[in-house]
Each structure stands twice: as C-alpha cells, then as structure tokens.
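Both complexes shown next keep chain A, but they swap its partner, so chain B is in the first and chain C is in the second.
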Partner chain A sequence: MATYTLISSNILSSSAASVTFSAIPATYTDLVLRCSSRDTQASVTDYYLNLNFNGDTATNYSITSIYNFGSAAASDRWTSQTNGYIYQDNSATATANTFANIEIYIPSYTVSQNKPYSSFGAPESNVANLSTRSVSAVAGLWRNTAAITSIVIAPPTSSFVSGSSFYLYGISNA
Partner chain B sequence: MATTYDKIASTTLGSASSSITFSSIAATYTDLRVTFVGASTGGANLRLQLNADTGTNYSKTNLYGRGATADSARSTNFGPIYIADDGITSTPHFYAIDLFSYAGSTYKTFLWEGSEDNNGSGSVVRGVGLWRNTAAITSVILYDNGNTFNSGTTATLYGIKAA
Partner chain C sequence: MPHKVIVDCLTGETTEVELTAAEIADQEAAQKAAEAERKAQELIAAAKATAKAALLDKLGITAEEATLLLS
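Take a look at the complex of A and B:
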C-alpha cells in the first residue's frame, strides 16, 4: 500500500463559498490537506479560514496560534468555537495573482480520541503593510472522538477565487 | 515510479510507557520524518534522543505561541532536547519532526512542529534543532524523564528517498 496517496482534489474553475471533502475513507492513518488559495475578503491582504469536521457546528473547536503581525510576533487563542480556524489566506488587497500556501496536518483521524491538528500558512504577497500576517502556525483541537469523514474549509464571509486548489492526501502507516 | 515516502516502523503503546524507540534504522533513505500523537495523564514532556546520545551535543531554537504571548527560546550545549513547549495532557498533542540527511557525515539538523492546544491552555511550537554528531542516525528515542505516555499513543517513523 502506498504511504502517501491523493484522496481527492478540487481546483476551482469559478469562485466558491467553500470546499468540501466528504466520504473520506477510514483506510489511512493521517490526513494532509494542501491548499493554494485566495479569497475575496474586502480591504485586507490576508484573512483567516474556517475549518469544520463532520458538519459539527457545536462549540467543540479551539486553537492556539503564532504569527507575524507586520514585523512583530504575536499569538492568540480561541476556545470553545463553533469551527476551527486556519491562518491565513490571501485576500482582496494582496498582490494580484498571489495565492497562500497552507498545509493542514490531521493525525490519527480515525482514532477514538479528541483530534489535534496542525497548520502552517504562508500568504506572502510583497505588501509592506504592518497589519499583514505572512507566516502563521496554528495548533488546533476538535473535541470529538468520531472518525473524521468530511472536511469543509471556507472563508468566513467571502469566497475562494477561481484558481484556488485543494489536495487531500492520506498517509498510511500500515 | 519509485516510492519516495515509506513507513519504516510504527508503534502504538498497549500500555503506558515513558518512551518509544525506533532502532536499527537503515541508511537507505535521504531524510526521516517522525510523527507522534499521544496523551499523558502525568504531564509528560516530549524529548528527542538520537543514537542514545545523552551528552550535551544538542541545541535548539524554537518559536512558541501561548495565546497571550509569542516568543522564542534557545538552548545550547543541551542534552536530549525538549520538543514540547507544554506538558502533554489528557488531550492528545501532535508533533512531527523532520531529520535531514540523517545518514550523512555532517552534523544533523532537524525541524519540528508541535500542536498542543487544550481548549484554553497549551501552545503552538515550531523549532529547529542541531545534533553535533557526524554519525548516521540509527536510532530515535522519544521519551520523558519521569512521566509516561498513555496507552494508545502512536509514533511512526517514515523514510523519504531522494534517489
């Protein structure tokens, strides 16, 4: 069995409010979601994304992050949220044709335990703006013991632009 | 097409243990990746030891975020280093460690990520490390000095091949 396998991909040919991966098989050990994305969030160079597992909208999500805020480093924490967060996507005022690179790693996604996840985002777009977050890492937690069978990633109040791409891989340690 | 990303070994603890060891690692890959996801009711801190070297041959620099603070820490001439920023809790924490050119004859560098959110506490970590030893890495030990990792904790060693 291959160790690192493409489960599904979605390359947007038009704008979309969200991207969904459903019917994720339980045949792997870990999941990796790789995104090259940009959204239409107005008046900012970069913005966060929402992450949802199994359609769960209860307050079972939390994150701790670290990111640059212009030239400084900062951290924030969100507890008991109705979805997880991913930092950070390119948005409307980012340099044209720039897309954020984001990797999300979800280990042991079928194991009956709460699910940690890790993400790293790079929406660098050559903008000298002290409010940009060009590099950010997130430690996320979904407090649910169910196997993950679906993932939805979405800008909270805008849409992904055409050309954004999303690849979901399964990693097997069998 | 040649396989470039192979599982070498995987361990899921059947009972609480203070360590997980991968030994007799062949020199047939270019890089190694170790993943760890597990809990600890005793607050274990994950440490990394290579080739059973307990000398002060390790150093590391890491960034961490703890919600209200973002900072950096450095340890030099240290023993087996702490990968964790925060003690593992009953909530599973996740770590991934990438060891580059592990079979080469230069000092060994590695990167890691740690995801330690506990819904109200915990950290996010990104680190770089150095092991000042020219030997090929043949064993990797993930351990804690005094506490144990819970049953069900899983660690996997992957080999990544450039050739």
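Take a look at the complex of A and C:
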C-alpha cells in the first residue's frame, strides 16, 4: 500500500516572490506539491506559475496544457522553456481573498531519466463569466536525469500574497 | 524589500532571503513584458470585436441570430 507523507510545508506570513523546497530527501518514490495561492499582479497575467527544478534555468522544459477559455476548450504547447509552467494562480483581479488550488504530481523523481510532471488547477474565483482559464491540466517534462532535490514555485511577474500555502508530500510504494 | 522563502526539507527550517538587485531587475523586466503582452492582446481582442460587429452589420443579423445559426 502506498503511503503519503508530508515532507514540509509553508504558509506565507507575508508576501514572497517565490517559495523554494530545498534538500528534498531521496527516500520516496514520487512527490506531490499542493498549493493554495494568490499573487499581487494587478492584471490577469499571472494566471500561471513558474516551476523550476534544481535551479535549472536552461531551455529544458516542455509543457502541454488543455484548458477552458471562457466556454471554449483550448490547448497549447510550449517547448524549450527555461521554466516549467503550472496553471493557475489567482491574481489581484480575482474575487477578494480567494485563492487558486493546484496539485502537481512528480513521479519517479530520483530515477535517472527525464522527469515528467502533471498538474491540475482551478482558481477559486467567483467572477461571473470568467473569460480566462478557470480549469487547466498540464503535462510537463524537465529534460534532466538528475534526482530532483529542490523545487521553486513562483508567479512570473509578481509575488505570492500572505496566506498562500504550500505542502510537499512524498509518496512511497509498498 | 521583496524576498523569497526557502524551506529546508531536511531541517524543516524556513528562511526569508531578500531578492538580489539582479532578481528584482528580472522581475521588473518580466512585468514590463507582461504589460506589453496584455496591451497587445487587448488590441487584438478589440480588432476582432470591431470586425465581428462589421460582419454582423453587413449580414443584417444580430449576434444572437448568428449564434443560433451556428448552433
């Protein structure tokens, strides 16, 4: 039976440009990062977050996502990026005091192969007729065979607000 | 001063580190680029709306009637 262990967590007591989980132990099979976040960007630009592994900012990340745009379904693909992307975050234009929720699954994070990840996210916004993404699924890839020892998550142009929370779990196979 | 949060999973210790001048400059550059992108998207959306209104006018139908035709 698989077990689900909280490795570390942080609830921001003030705004922060990024949150880093460092010295991630290699004792689990998979990782799960759960976020409840909101950022300070005044436009809707920061509806996504940057995801970075082991401080690698070379063009080693690819992302495919499917999402809604208003009532329409859409998709996009980004290759050779300097960060992974995950969707989505509540920016300052979202309903006051609401936060987005995102779950990121990173399988086999210590195995010597390129590292895929998946994420699913939705904003907790009460804005009627939300014209931007309100649900997104992502398949990402970090082309690096090193074990993941650190994860940085950050809004691309602003900061997380106080109260944003981040939980890193380790999954162990029996 | 903006800062970043680092959680050490080994010790459980959380530290707050001030952003360097280079990191602040990067963030400001990203903000400017994002603002430019947002304005460009607004212009595209406005142009589409104008073209759509002109087409509906040419066809002599309302947006609701166009939606009905396409359903």
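Just so it is clear, the second predicted complex is superposed on the first by the 166 of 174 C-alpha atoms of A that agree within 3 Å, B and C clash if a C-alpha of one lies under 4 Å from a C-alpha of the other, contacts with A are read in each partner's own complex, and residues count from 1 in each chain.
Rule of thumb we're sticking to: contacts are C-beta pairs under 8 Å (C-beta built on N, C-alpha and C of every residue); 3 or more make two chains touch, one makes a residue touch a chain.
Not measured: the values here are computed from a predicted model.
Among chain B and chain C, the chain that touches a larger number of residues in chain A is B.
Of the two partner chains placed by superposition, only chain C is touched by A:Ile7; chain B is not. Once chain A of one complex is fitted onto chain A of the other, the partner contacts of A:Ser158 are limited to chain C, with no touch recorded for chain B. By the touch criterion stated above, A:Leu168 is placed in contact with chain C alone, chain B being left untouched.
By the touch criterion stated above, A:Ala23 is placed in contact with chain C alone, chain B being left untouched.
The interface of chain A with chain B does not overlap its interface with chain C at any residue. Against chain A, in their complex, chain B makes its touches with residues 3, 5-7, 10, 35, 37, 39, 63-72, 91-94, 96, 113-120, 122-126, 152, 154, 156, 158.
Remark: chain A residues 7-10, 12, 15-25, 41, 43-46, 154, 156-159, 166, 168 touch chain C in the complex. Residues of chain C that touch chain A in their complex: 2-12, 14, 16, 19, 23, 27, 30-31, 33-35, 37-38. For chain A in complex with chain B, the residues that touch the partner chain are 2-4, 29-30, 62-67, 73-77, 79-80, 105, 107-108, 111, 113-118, 120, 137-141, 143, 171-174.
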